[in-house]
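Can you read through this structure? Questions will come right after.
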Amino acid sequence: MNSKEFADRLRARESVVGYWVTMDAPVATERIARVGYDYVVLDGQHGLLGIRGLLDGLIAIEAGGTPTVGLVRVEANNATPIGRALDAGAAGVIVPLIDTAEDAAAAVRAARYPPSGIRSFGPTRAGLRVGPVPAESDAATVVLAMIETRQGLENVAAICATPGLDGIYVGPSDLCLAVGGRYPGDPEVAEAFDAAIELIARTAGEAGIAAGVHTPSGEVARRRLGEGYTFATVSSDLDHLQAAAAAHLAATGLR
Amino acid sequence: MNSKEFADRLRARESVVGYWVTMDAPVATERIARVGYDYVVLDGQHGLLGIRGLLDGLIAIEAGGTPTVGLVRVEANNATPIGRALDAGAAGVIVPLIDTAEDAAAAVRAARYPPSGIRSFGPTRAGLRVGPVPAESDAATVVLAMIETRQGLENVAAICATPGLDGIYVGPSDLCLAVGGRYPGDPEVAEAFDAAIELIARTAGEAGIAAGVHTPSGEVARRRLGEGYTFATVSSDLDHLQAAAAAHLAATGLR
Amino acid sequence: MNSKEFADRLRARESVVGYWVTMDAPVATERIARVGYDYVVLDGQHGLLGIRGLLDGLIAIEAGGTPTVGLVRVEANNATPIGRALDAGAAGVIVPLIDTAEDAAAAVRAARYPPSGIRSFGPTRAGLRVGPVPAESDAATVVLAMIETRQGLENVAAICATPGLDGIYVGPSDLCLAVGGRYPGDPEVAEAFDAAIELIARTAGEAGIAAGVHTPSGEVARRRLGEGYTFATVSSDLDHLQAAAAAHLAATGLR
Amino acid sequence: MNSKEFADRLRARESVVGYWVTMDAPVATERIARVGYDYVVLDGQHGLLGIRGLLDGLIAIEAGGTPTVGLVRVEANNATPIGRALDAGAAGVIVPLIDTAEDAAAAVRAARYPPSGIRSFGPTRAGLRVGPVPAESDAATVVLAMIETRQGLENVAAICATPGLDGIYVGPSDLCLAVGGRYPGDPEVAEAFDAAIELIARTAGEAGIAAGVHTPSGEVARRRLGEGYTFATVSSDLDHLQAAAAAHLAATGLR
Amino acid sequence: MNSKEFADRLRARESVVGYWVTMDAPVATERIARVGYDYVVLDGQHGLLGIRGLLDGLIAIEAGGTPTVGLVRVEANNATPIGRALDAGAAGVIVPLIDTAEDAAAAVRAARYPPSGIRSFGPTRAGLRVGPVPAESDAATVVLAMIETRQGLENVAAICATPGLDGIYVGPSDLCLAVGGRYPGDPEVAEAFDAAIELIARTAGEAGIAAGVHTPSGEVARRRLGEGYTFATVSSDLDHLQAAAAAHLAATGLR
Amino acid sequence: MNSKEFADRLRARESVVGYWVTMDAPVATERIARVGYDYVVLDGQHGLLGIRGLLDGLIAIEAGGTPTVGLVRVEANNATPIGRALDAGAAGVIVPLIDTAEDAAAAVRAARYPPSGIRSFGPTRAGLRVGPVPAESDAATVVLAMIETRQGLENVAAICATPGLDGIYVGPSDLCLAVGGRYPGDPEVAEAFDAAIELIARTAGEAGIAAGVHTPSGEVARRRLGEGYTFATVSSDLDHLQAAAAAHLAATGLR
């Protein structure tokens, strides 16, 4: 519905901000969508949602009644989950673990209708959004490649140059391990990590595509948006809910 | 498992604190249970959980591996939902809209095995917790009557005197409307509301039963525990998650 | 969202038309909502939907993005299912098997917040639609009483005079049995049935409330709307789908 | 499908035997149905199935492809769950906790179409089995009243005389508590219990209706069928599965 | 159950006709199965069904009680979804996007037990249908390769010659794009499309295997069956339901 | 929770015993976990569980409150289902159809965090069990390779030598077909089958890794544990339940 407008803004490298959902709880996802983020991502890789959870989540996002669009982080760089997420109504996909330009090109092909891609026709839920010409709906569908492996980092320029790719998306936890960190946020590799963060944003900027990043909070999102990133996602529902429950428990003074 | 110990503490009017769940999201409920509250309540009345959601939630609470017990706020003061919640493994029930001592007695009877009550035998999931003698499991099952109507407030002393009732539980939103408020928290009836809050805690104390109250936060819970209440629930998952998402969005500086 | 506007139109006895859903299939319900009916009813009595199905269906109707509102035909005239349907986001309830004015008054009370009713506060999903004052949301919530029993037919005038009742709704199958038919549509009681249909519409009109009727098709709906009825529902998804499948099979020429 | 034949056999007091399902696991229920019992009961009272579980279970029983029919032990003696179970395709209902002839008459009325009963028309899933005349389907629908309370035992003759009641069904666990047992199978009340068992079977026999009983095993079922009972159910899936798992563990020799 | 007979008829190139299901709604699928089609296909690629939806749909088809068999259009040409569909009870698979004879051979291998294939043993739900010798069940399992890509069209003769392949199946929407159409049904490529349709049917006929085609209606199915196709599927539940709802709305005269 | 201890025992080639679950029925899985097996396997390949079923099953195993750990037999040797099972809380994976040492190495890599493997970080449900350093959790995660194909049998020594592999697991049904059996248990290949069984256990022993085997009963498990196997799984819930139902039916004497 708003997916074309969202895609336009993302491609124009306007600042957009999203929220990351890892649980199969449509009523929660609908509430989050009503908060007013530009997009909500349903995590099909590390999230605890199956096909039905992705579908219900995408419906819930639209039920929110805001312009918020639903994206899916697919479980793998594979045409099947990419096609299913889009047929279920996602406005775009975040594809994990992109190592090479070939990987990125495969992701793009899977998400585009012929003649530019190989997406099979059958937009069962998305159908009403797609006009008579399937290929025209490519304009309303974003494809984002995750940079989070050593190889992906080395090949970031080639990946960013992939025709049809709308943006890259940094997975900081995996990226930190990739640069030698023992755990996400390991201070021993802070320099290498920060250099990678900077390099990726710069490279995307030079390629003229969107530069996105995963963050744990609105504060970090704000910082990244000031460091060359054009979109940032705040993550995640389960973590924030657990943190809230813990904070309230502490506030009772009984623990 | 820990339900006897929990019941003992609640009946001894020790301070205990819980969290209120309104959504059918077992992975979230499991996380909340791991935080360490004494109890987690699954809301079968205003919450968005069916029978399957209550069951999955009770399983998730035990999966948390902490001593936290699961309670159910049943959809109505009716032997059927009370029995089903207990058979599914709840350590107790919070029964809404109790107007009279007769109402409270009916709730107690529904939750107790013969000879003191009429609970039908069939603890399908709870079974392993109940020893060979069903009536002995009554000691591990708490029954809490909600005071939240004008009639209930008028009859609070009689309700508190109901044999077998373990405690009362204040529903502040309905109670505020009951004392003439136009909306929950209406300052125009603050005096009457505060008097009711005080009266209920005092009456329960005089009857020697637990006095519980629903609250929106750990801070309010702490305050109520200092005002004569012996247990307080922080509410709720959906509200706290929405608030967190909104706060993170504000922190991005983009809205 | 559009529930106030819908309620206003229904109460003004404008002609409105709806569709009747009996299955737990949110993607189908969303498609139907997009077709553009004024309302879609989820059948909680004879339909094959549990609590989760009603909730998912109401979300799907809003995801349709049209002004279509979702109603629930509750399983019984009981405050619990009425409250749960409204808390889940229904814009109103159709209450079956109303025999007397007292029945109708109980249904109205269950759906209205204090001071006019006894609806308990906890609009978990509907919350965002309700303003700060719960009672104000009564204006956006319709209550419709089914006339489908012999007693209900005899008491139709008294039922229509129930304060706060927004309309009546004819269940023709049960009504036909009630007037002595051996089966729905039994021609042997056609005269009595037609007289009842006419009487009910006229009585509602005299009372100034909406007059609704269940129909099997758009054609019958059109006819009823020309006979004094102000709203009509076309029923149902399962029947129409089965009929379509059978018609296509016949058209293959292989059967 | 086979429900008329089953009802005929049950009413003729032929020996029939069934199996008791307490879990929401359609693939297991389908397997059990294929084993060849005359009926399979889905337990809506103490079982862990919601509306969707009952529906899926009834579908699974028919998928078994045997003449086995599906019954539902409803959650309470209430027209709503009775109607919903039958609309979902149950061939009959077992109604718990019948205390009086009035209770039994209410159960019968809820399960019969007019003119003999008050069942509302809307056989959404059962529809294809019901001929054009709803009341004719009563012949294919059995209503069984549980005798398991002290009052029910005292009133057993009056209950058995209820017009339209097809049989009674003994709930031994509750019955044992009702005659003063401290737990199901309490040897201290064995005499009273055995007398009750004998009395109920004899009374049903004198009334010419079916006499059924709940049992833990085929062996006990066989014994009861030799003691005047005409149908017996072996219970239950969860218990038998747990027992099998425990027996296999013991057989490993590692515990 | 009837899968051997169905496979025999399909392989003998008798005319058979099916219906296409895209939604997770077992009660609807059961109704469709009762209509009397030879087969019903559950769409695991573009349909909105996960693993549980496929399983419930296959159970529902058997519950229909007709000889109708259930097939699954798998999400991809991959041994995992092929095996899972068959283990869940599908009588055969329709495999999308077959480009080459090697693709077709891989699909066949995945669906056949050793020694002719590599299907892993574990027919968890299908088990009772398979006799003691797994390989014998291959005779009751059909494998159908979709021709819908440019490459597939070019290789249609080689694909049809794949040993063990039971038939091909045309996906007209993708095929139309493959021959250069801008959208399904694009009149500008009608000639090329019609030639492809003709070529595929003829090639399958020459190879002696079944020739199937996807159609939007019984009328088109009838036409294709007169043009050399031996089986045709009418599609789909969601589209037909939406069309029916729209037609009824139009018939009300209010839109 | 207990996964490290379990992994230590398994790696030390202590005798451990498990149970095999093929159905999506958390309450049954919880009961089985309470019986006291060392591990329970959820079958994601031939079992009838989707992503949600695996997740609910893993939660249910922990709710059992025993030291029993949950494993998943993944649907294929693919990093995506391996990662998802572990993120959902599995203490390890059984990977089917391992043909070569390369296959085994890929399975190991998919289950290990960097630097030894490529598991992507996002332990959404498992998170609390993993300490700050992801790679340390590898010590609590077992990877087991199934030997069940001709190739796998030929390469068993190389497979057992795979660094990081914790054990092998024999799938006797597929293995029997692989050695030329016409059906599982075919006596005509008993000699070859027994030799394979012996060879696999011996090879694993020589490699110092755990040797596991699938069995139909505790008796066979005991036998295999005396023949060089260090762990054995009893299979399965659906089979044992069906057998129990059949045995009880036979015991009634009515069939």
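So that you can tell them apart, the chains are marked A, B, C, D, E and F in the order they are listed, and the count of residues begins at 1 in each.
Here is the rule we go by: a residue touches a chain if its C-beta (ideal position, glycine included) is under 8 Å from a C-beta of that chain, and two chains touch if they have at least 3 such contacts.
Because the structure is a prediction, the values reported are computed rather than measured.
Asker: For chain C and chain F, which third chains touch each of them?
Answerer: Chains touching both chain C and chain F: A, B, D, E.
Asker: What's the overlap between the neighbours of chain C and those of chain D?
Answerer: For chain C paired with chain D, the chains in contact with each are B, E, in label order.
Asker: Would you mind reporting the rotation angle for the C-alpha fit of chain A onto chain E, rounded to the nearest 5 degrees?
Answerer: Resulting rotation angle: about 120 degrees.
Asker: Counting C-beta pairs in contact, which chain pair has more, D-E or D-F?
Answerer: Looking at D-E and D-F side by side, D-F shows more C-beta contacts.
Asker: Name the chain whose C-alpha centroid is farthest from the C-alpha centroid of chain E.
Answerer: B
Asker: Just the number, please: Cα centre separation of chain A and chain B in whole Å.
Answerer: One centre to the other, that is 39 Å.
Asker: Between chain B and chain E, what is the gap in Å from one C-alpha centre to the other?
Answerer: So the centre of chain B lies 53 Å away from the centre of chain E.
Asker: Just how far, in Å, is the C-alpha centre of chain F from the one of chain E?
Answerer: Taking the average C-alpha coordinate of chain E and of chain F, the gap between them is 34 Å.
Asker: Among the residues of chain E, which ones contact at least 2 other chains?
Answerer: Answer for chain E, listing residues that touch two or more other chains: 24, 27, 34, 48, 50-52, 55, 124-125, 238.
Asker: Could you draw the chains as nodes, link the ones that touch, and say if you get a line, ring, star, complete or other?
Answerer: Shape = other; not a path, cycle, star or full graph.
Asker: What is the complete set of touching chain pairs?
Answerer: Applying the touch rule to all chain pairs gives A-B, A-C, A-E, A-F, B-C, B-D, B-F, C-D, C-E, D-E, D-F, E-F.
Asker: Going by the contact rule at the top, pick out the chain C residues touching chain A in the complex.
Answerer: 1, 26-27, 30, 34, 55-56, 59-60, 62-63, 65, 124-125, 128
Asker: Tell me, which parts of chain D touch chain B in their complex?
Answerer: Within the complex, chain D contacts chain B at residues 22, 24, 43, 45-53, 75-76, 78, 96-97, 148, 171, 173-174, 177-178, 182-184, 238.
Asker: Which chain C residues qualify as touching chain E in the complex?
Answerer: Residues 15-17, 19, 23-25, 27-28, 31-32, 34-37, 48, 217-219, 221-222, 225, 232, 234, 237-238, 240-255.
Asker: For a test of understanding, state which residues of chain A touch chain E in their complex under the given definition.
Answerer: 50-52, 55, 79-80, 83-84, 87-88, 113-114, 120-125, 132-135
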